[in-house]
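Read from first to last, the chains carry the letters A, B, C and D; within each, the first residue is number 1.
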Amino acid sequence: MSKLDTLIKDLVVANRILAREEVVDAYGHISVRHPDNPKHFFLARSLAPDLVEQGDIVELGLDAQPVRDEKRALYLERFIHAAIYEARPDVQAVVHAHAEDILPFGIASATPLRPVIHSGSFIGAHVPVWDIADKFGDTDLLVRNMEQGRDLARCLAGNNVALMRGHGFASAGRSLIEVVRMSVYLPRNARALLRGKQLGGEVKYLSDGEIAARAAGYSPYSTETWRAWEYWANKAGCGHLLTRPDAQHGHPPKAKA
Amino acid sequence: MSKLDTLIKDLVVANRILAREEVVDAYGHISVRHPDNPKHFFLARSLAPDLVEQGDIVELGLDAQPVRDEKRALYLERFIHAAIYEARPDVQAVVHAHAEDILPFGIASATPLRPVIHSGSFIGAHVPVWDIADKFGDTDLLVRNMEQGRDLARCLAGNNVALMRGHGFASAGRSLIEVVRMSVYLPRNARALLRGKQLGGEVKYLSDGEIAARAAGYSPYSTETWRAWEYWANKAGCGHLLTRPDAQHGHPPKAKA
Amino acid sequence: MSKLDTLIKDLVVANRILAREEVVDAYGHISVRHPDNPKHFFLARSLAPDLVEQGDIVELGLDAQPVRDEKRALYLERFIHAAIYEARPDVQAVVHAHAEDILPFGIASATPLRPVIHSGSFIGAHVPVWDIADKFGDTDLLVRNMEQGRDLARCLAGNNVALMRGHGFASAGRSLIEVVRMSVYLPRNARALLRGKQLGGEVKYLSDGEIAARAAGYSPYSTETWRAWEYWANKAGCGHLLTRPDAQHGHPPKAKA
Amino acid sequence: MSKLDTLIKDLVVANRILAREEVVDAYGHISVRHPDNPKHFFLARSLAPDLVEQGDIVELGLDAQPVRDEKRALYLERFIHAAIYEARPDVQAVVHAHAEDILPFGIASATPLRPVIHSGSFIGAHVPVWDIADKFGDTDLLVRNMEQGRDLARCLAGNNVALMRGHGFASAGRSLIEVVRMSVYLPRNARALLRGKQLGGEVKYLSDGEIAARAAGYSPYSTETWRAWEYWANKAGCGHLLTRPDAQHGHPPKAKA
């Protein structure tokens, strides 16, 4: 199987994982940059992530328009992806979603969302909140064009995650696996912080040094990273779609019977 | 298949979706107005929504009585539906349910339920709370006759949702798809608001302009609306019951294998 | 099938429902009084309710001892049942469980558990809290003999539910269906009250008149009561075990395909 | 089947239970000491617990290194297990996990985690919080060597559970069954305490005498302990893997059809 086929299959797996882990429902999407052409990226046609198959993946340019003739409807908010790929050459994969437990942090400014648990470290020390109303006034809150997408990308800046007020979040990673993991643990970190606050007194956040130490150890196909990907894929019912680019660990992916 | 057959099938799908999404349990119901006779509407016989099939649907008049000879037991609270259809010619579909996470807002008056997330915008800027005791004193809280139903409809007025103190809510939409979507995201909006409050400080609500902008973009068979319906139907195990009145998008409904 | 066979089968269904609805886990149990001999009752041998089958049901006397030779281990806390049947001739079925969301109300005395939602009315206007330590000092908190069971029954008095501090609850009903419904909606009422409190301000409870009006309308085989039983049994995977003593409603139980 | 084969199979069951009960996800692990050689213990290779089968179990020494030639990747944090077995000859089984609902108690020091419900008594009267930063400064929070493992074991001391700040917990028991039960009820106790606090006023904890009375009654194959193990194994889909070392109770394990 070609490298590109594998990537598309991984994108399907990523869609299903995000659905199973309740990061997305009918809405929300995940994309991956074209490995050989950094000005293109892949994203499903307008479809609930849980239903996405390989044939539903579309190739888009940095203007968020399909690079080939395409009759099928596309996600209205594909501009989020295009704008982040445009602004951030280091980013290989993007998620936009409305995971419920991050929503309170987008509407209540008193408690900024910051990492409090080790699995939440990947969201980074600073999680900016973007409010579309600041620049665009009363909208339907959707990111419907490049101008809005670029404004969000500016707010994201060099961070890994930006909350979107009253709407959801956008996250950006160096690989599909990284952005999925970050997006799954983002709401968990949010819940831990909310409940820590509820216990009263002071909450101890991860230090900048801890966040940096964890980021330094990251590799998309490390044993530890792969373990989660393999687990989530099986849980989402697509263990059979797993492929592992490096066979160095001597074990094929495990698919639950 | 006739337009009416399709509508009845959609009503079955709607019943199952509301059950799967935990908007209803054994109790709660959804109806749709007869497309050709605005003085009739369709509602299941007294049965848990998750068990409803086409043969369980009954045609009722605006007095909430069956229009044909009917031996089967009916929902006690069918008057909610009749009274709303009577008062609101614009309404095509009605839900009454007890979704758990809206209940706190019906019993604690300090924090009115208002949209804080974009998917919650459809509940509208104002969500009145109806207390059956205000007019009817000590009852079993059920809406058992037209007089009570009309009092609830008066409280609902031109809004999309009314909370019912100590009981649940009634929602009214321009289509089955709209009223289902509103009813699914209503508890999510309630949770986001409750948790925003728990984070302390001020909560930022959707502005009236944002609510209006979102309402303006609504269409029951838009790509975005359909995406949710297709997803929820599959999740509820009835993707095979999907039909799509307009085939303009070039894609048949997707049923998960 | 004899009336007794039907009752035993209903008791199996009740076990499975309580497991599926997370009222019980490995622990917790439900019993029913012998319809022809009020000094006997039926309860499973020591087994997780989700695994209970007809052959696991044991007949016990009001001393909580088996009335026939029995080699199998029994629930340690069967004295809860015996003592309540002894004290309350009106009671036909008893549940003891540790449903998670009622536990806070047993350990925090500031907010008494009272009905705030219509489905919670069945717990009654007053829910006493029994603390085993008050009379028995430091124990393992289990009700291990008739003396302890009787002390709990005294605290329960004429009420429908007693909370047990740091442990769980005991509920008593006029039928299996009633005690199951009460036990399923008890934690829901607890959650609604907790979250109502979190919203701030005053919480509106059901009035005594409302609680009485709802209790007055109860009948174990009413259409409305049966609807929940049929739904829960199907959800628990045992729709095929349903029997309906009165066929007056013209519909056999519905078992989901 | 040999005693060792049975133990390995039990360890597989324990892995699956912890996954099903959401104590672990892709991360977290459980080990058991070698019954004939207290300087060895068994732990899966680096794999999500839900995917663990008998062939995935590895035998390690008290230095956390495999005792036989091993090419497969191992858990980075196996030092937690080795250090606890080294320090605590009484301990036969160890869990390390990140169960979400204990995390708030590791980051908010105002409310110590203590037993408030009878099923939570097994965590013991005192649950210390270990902060890796106290001795090792800024790390990735993982226990990556014996020095760190020993520091955690010192904090655990003679207790059953230690929380790990911003990370999770380690629990130690006298058998697989005990450590699994403790680990499943630990988050439930945490939730009950958090919500008790939210109700306001004073919370009543279990007394030291109650905790001691419950601990005194413990036996790994008592009817009551076994009941939970049998239930959880069936729920996790591995009822068929159950074996019961003592047949004294006259009943083979029950596997749900």
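Following the convention adopted for this analysis, a residue touches a chain if its C-beta (ideal position, glycine included) is under 8 Å from a C-beta of that chain, and two chains touch if they have at least 3 such contacts.
What you see is a predicted model; the values in this text were computed from it and never measured.
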item: Chains touching both chain A and chain B, listed by label; value: none
item: From chain A, the most remote chain by mean C-alpha position; value: C
item: Superposition of chain C upon chain D: rotation angle, C-alpha, nearest 5 degrees; value: 90
item: Residue-number overlap at the chain A/chain D interface, same or different (half cut); value: different
item: CA centroid of chain A to CA centroid of chain D, Å; value: 32
item: Approximate Å spacing (C-alpha centroids) for the pair chain B, chain D; value: 45
item: Residue list for chain A, restricted to those that touch at least two other chains; value: 197-198
item: Graph class of chain-chain contacts, one of line, ring, star, complete, other; value: ring
item: Contact footprint of chain B on chain A as seen in their complex; value: 25-27, 46-48, 50-51, 71-73, 76, 98, 100-101, 103-105, 107-111, 131, 133, 137-142, 165-167, 194, 197-198
item: Residue numbers on chain C that touch chain B, as the complex places them; value: 116-119, 121, 188, 191-193, 195-207, 209-210, 212-214, 216-217, 223-224, 227-228, 230-232, 234-235, 249-251, 254, 256
